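In what comes next, chain A is part of two complexes: it sits with chain B in the first one and with chain C in the second one.
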Partner chain A sequence: MTALLALAAAAAAPFVFTSVAHQSLLVLIAINVILVASLDLLMGAAGLLSLGHAGFMGIGAYTSALLVFHRIAPFVLALPAAALAAATAGLFIGYPSLRLRHHYFVLVTFISGIILTLLFTSLVGVTRGPMGLPGIPFATLPLPGGVYTFNTFQSKVAYYFLALGLAAGTLWLRGRLMRGRLGVALAMIREDEDLAMAVGVNTHATKVLIFVVSTGLAGMAGSLYAHYTTFLSPETFTFVDSFNLFVMNMLGGAGTAAGPVVGPVILTVVRDALRSISPVLAEIAFGVFLIAVIAFLPAGLVGALQARRRREA
Partner chain B sequence: MQFLINATFIGSVYGLVALGLTLIFGVMQVADFAQGALYMLGAYVSFYLTNLAGLNYFLSLPAAMAAIAGVAVVNHLAVYRPLRRAGGATTFVAALGILLILQNGALWAFGADYRLIRSPFGDAKVLLGDSVITYHQLFIIGTTALLILAVWLFLQRTRVGKGLRAMSQNRDAAALVGINPDRVAAVTFALAGALAGVAGALVSPLRAFDPHIGALVILKSFAIVIFGGMGSISGALLGAFLVALAETMTAAYLAAEYADLIAFVLMIVVLFLRPQGLRGRPVAL
Partner chain C sequence: MPVLEVEGVTRFFGGFRAVGDLSFVVQDGEILGLVGPNGAGKTTAFNLITGFLAPTAGRIRFAGGDVTALPPHERARRGLVRTFQNTKVFARLSVEENVRAGCFLRIPGGIRRTLAGLSRREDAALRAHVDELLDFTGLAAQRRKPAEDLAYGDQRTLEIAIALGAQPRLLLLDEPFAGMSHGEADRCMTLIHRVRESGVTVVLVDHHMATLMRHCHRLVVLHHGEKLAEGAPAEIQRHPKVIETYLGRVADA
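This part shows the complex of A and B:
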């Protein structure tokens, strides 16, 4: 019920906030919700901390952008291809590294993210490296009446609804996965991996599966981002961006139902507001904020509210 | 031969930062990313003292060490100490927070222009057979060797140094035999800060720098520390040299663009084959 109300509010949002700047923020929030919800499949559901999520988003973004740019595939095929590419990378990185435990896994994801960013920068022949990739075509959708082009320079509303639909889908999928058998297995792994193994959960296969799903969704978000801004640069997918997603998830509350929405909404808006004052001060404030969140809100806003309600009850 | 010279010189710089990082990790179990910002600040302290205040470059080095050691202790007292009960991943994120604050603070205070410290040696160089080494590179290698020796003596001979080693072996036992963990931690941060600060001040006459210089340096030093074994001093120094050698070889035979990648690739390989690193003790992290 709360979820439907939130969805209705989200659908009404572009008609309340009619300025271009606000609508642009709405699109970015929707994309960030996909990223954070997918990250939470690791952090919240499985207790696996991944600090390279922006790298997988980058794989999806570049895959989709290049496929459409070189006219190899239209957007409707490039989007799943982007998810597939990121998921494949997730399989290659996740399969060996998920045998490592705790800190070592966190380290590998972190370093993988850095390697991916450095690859985006150094593969100049493919990605144009630090110069960036401009002129990415808008997303298109084949409809019965002809092909619809999401010209995000003219209007962001249509694209917002596309992103919103995919974000809602991601949240729905996350809810289903967490409530189903897989979610139970992941919760056991999170609480006590040895015990989970002892009662017959194939912990490695389960972790690899959720990692592949998570990175695939990040790739899809990357594709959405690429055809929204129509410009990609390695600087969008650095380890700071991975940390940003991590902090959004922490702020909202890892593992909580509303966390992956609350975190992105607040942090996207706050960061944008600060940036419009001064980009340098925004980064300083982000640093302070980051430390404050982990020091004072380890369970996130939603988690803290739930704990408070439990105390009162 | 030229490879070895370049690797020794680059490895010296990585070694100083990695040494501080591994000391902090051993004592505090914190992957202190803020060291990257301290490296950058060290370069700025030396730059302002030498180029603007007209101080002798050699005097600016101890000044940079002292100033940055101070900043490192402030970081410890303001952030790491209050967070010491939190897990490793949490302090890791806090460290990045400090890095962002200091980096952008520097951007705000010093501007985004590239700077270069005037080297007291100018461009003077020596020829060794068919390879070349500048006096400044020699000076860096020599100073690094002296500093490493000093750190080693400090750890082996002094009371505080022994306390530091004891704490990195077993925190609780060290506290039991009367070692003050707070004091040792503060000394460790000061020492690591001084090393990072002087590393920045040493390199900056050779390479132009801006407020963002620290991020890549610390990422690589971090990879080196993992590669060598977290908390291991010999591992950090060996790792620094090997990574520097691999980088110079990659730049020479493959392509310069890939040189920055090699440290991370080596680190991943080591993590899979020997998770405790080259010289690390097997630890349950």
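This part shows the complex of A and C:
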């Protein structure tokens, strides 16, 4: 019920915020919701902290952009291909590294993210490296009446609904995964991995599976991002971006149902508001804001509200 | 009929031999005690049997099959289930969720169920089983509590309830009475007897010779990683090597 109300509010948002700047924020929020929801499959559900998530988003973004740019595949195929490419990278990185636990694993994700950024920068023949990749075609959708082009320079509303749809789908999938057998296994891994093994959970395979799903969804978000901005640069997929996703997840509340929505919305809005006041002071103020969140709301906004409700009940 | 056969199992940590050439069998339906002073290699032996450590040499057979190379979860699937010395429960999950998690192997999986959820019948069957285990272990009244809020003795009971969820054929309990009051230990032992009566073979690891003597059908005594003695409590009590190790050599004079 709450989810439906939130979806209705999200659908009404572009008609309330009609300025281009605001609608642009809405699209970015929707993409960030996908990223944070996918990251939360690791952080919230399995207790696996990944600091390289933006790298997998980058794989999806470049895959999709290049496929459409070189006319190898249309957007509708490039989007799943982007997810597949990022998921494949997730499999190769996750399979060996998920044998590690705790901060060792975190370190591998951190280094993986940095290596991916380096690849985007140094594979100049493919990605154009630091020069960036401009002129990425808009997303297209084959409809009965002809091919529809999401010209995001003219209007962002249609693309917002595409991103919103995929974000809602991601949240739905996350909810489903959490409720079933996989969700039980992930909760056990988060709480006590040895005990999970002792009652029959193949913890390594389970962690690899959720890592692949998570990185695949990040790749899908990357594709959405590429055809929205129509320009890619390695600077978009750095450690800082991974860290931002982590903070959004923390802020919303890792492992909570509404966290992956609340985090991106608040962070994007606060950041934009700070920038409009003073671009120089914004980053500092933002840093202070983050420290305050971590110090006072370690369970995130949604987590803190839930704890309060539980106390009152 | 043996459920578990440990054959010449050895484990080195670097140059230190924690367990050396250990062999014993666990018979179907018995309560076997694995006893020895601290540092005797009990926990290492326990980890080797359950797959949390790989042996340097030797074989472990369970229910007729060689499980030496199998990871812990595969052994659990075959019915070899353990608890831990330092109480392990899923701390932030409720008691009920803990037991449900223990029943993981009973939860039907597959992509269809993941996306559409369990059928009403499947869910009801799972719930019924969880209820049964909560009643069996006497935790039903506290089912909504987070596991971390339980009294210590109840946490250890919950550990057993989680393990039972995995439908063990052999349940290995690592120092289940550690840190318990007499009353708690008695209640725990009553539960263990009921577990055995329900058809589960039990291995208890402890360093309290007296407790194990009272409750086990047979004992395996470890010392410096080797088997010192094996037999019924009465035999162990009279065993010269055990007396020597535990009480010291009787003076000549």
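Following the convention adopted for this analysis, the second predicted complex is superposed on the first by the 309 of 313 C-alpha atoms of A that agree within 3 Å, B and C clash if a C-alpha of one lies under 4 Å from a C-alpha of the other, contacts with A are read in each partner's own complex, and residues count from 1 in each chain.
Note that in this section contacts are C-beta pairs under 8 Å (C-beta built on N, C-alpha and C of every residue); 3 or more make two chains touch, one makes a residue touch a chain.
Predicted model only: the values in this text are computed from it and were never measured.
Visitor: Sharing chain A, do chain B and chain C clash or fit in the superposition?
Guide: Once both complexes are aligned on chain A, chain B and chain C fit side by side.
Visitor: Tell me the contact category for A:H103 with respect to chain B and chain C: first, second, both or neither.
Guide: first
Visitor: Is A:S112 in contact with chain B, with chain C, with both, or with neither (first, second, both, neither)?
Guide: first
Visitor: In the combined three-chain superposition, what is the angle centred on chain A between chain B and chain C, taking C-alpha centres, to the nearest 10 degrees?
Guide: 80
Visitor: Of chain B and chain C, which one contacts the greater number of residues in chain A?
Guide: Between chain B and chain C, B touches the greater number of residues in chain A.
Visitor: Of the two partner chains, chain B (first) and chain C (second), which one does A:I284 touch, if any: first, second, both, or neither?
Guide: A:I284 contacts chain B only, not chain C.
Visitor: Quick check for you: in the superposed arrangement, does A:R176 touch first (chain B), second (chain C), both or neither?
Guide: It touches chain C, and chain B stays clear.
Visitor: State whether A:M131 touches chain B only (first), chain C only (second), both chains, or neither.
Guide: After superposing on A, A:M131 lies clear of both chain B and chain C.
Visitor: Once the two complexes are aligned on their shared chain, state how close chain B comes to chain C by Cα atoms, in whole Å.
Guide: For chain B and chain C in the superposition, the minimum C-alpha gap reads 13 Å.
Visitor: Can you list the residues of chain A that meet both chain B and chain C?
Guide: none
Visitor: Which of the residues in chain B end up touching chain A in this complex?
Guide: 79, 82-83, 86, 88-90, 92-94, 96-101, 103-105, 107-108, 219, 223, 226, 255, 257-258, 260-261, 264-265, 267-268, 271-272, 275, 285
Visitor: With touch defined as at the start, can you tell me which chain C residues reach chain A in the complex?
Guide: It comes out as residues 50, 52, 71-74, 76-77, 81-84, 88-93, 97, 100-102, 104-105, 107-109, 113-115, 117-118, 162-163, 165-166.
Visitor: Flag every residue of chain A that touches chain C in the complex, lowest number first.
Guide: Interface residues on the chain A side: 173, 176-177, 179-182, 184-185, 187-188, 191-192, 194-203.
Visitor: For a test of understanding, state which residues of chain A touch chain B in their complex under the given definition.
Guide: Against chain B, the touching part of chain A is residues 49, 96-97, 100-104, 106-108, 111-112, 114-115, 118-119, 121-122, 124, 129, 239-240, 243, 246-247, 280-281, 283-284, 286-291, 294-295, 298.
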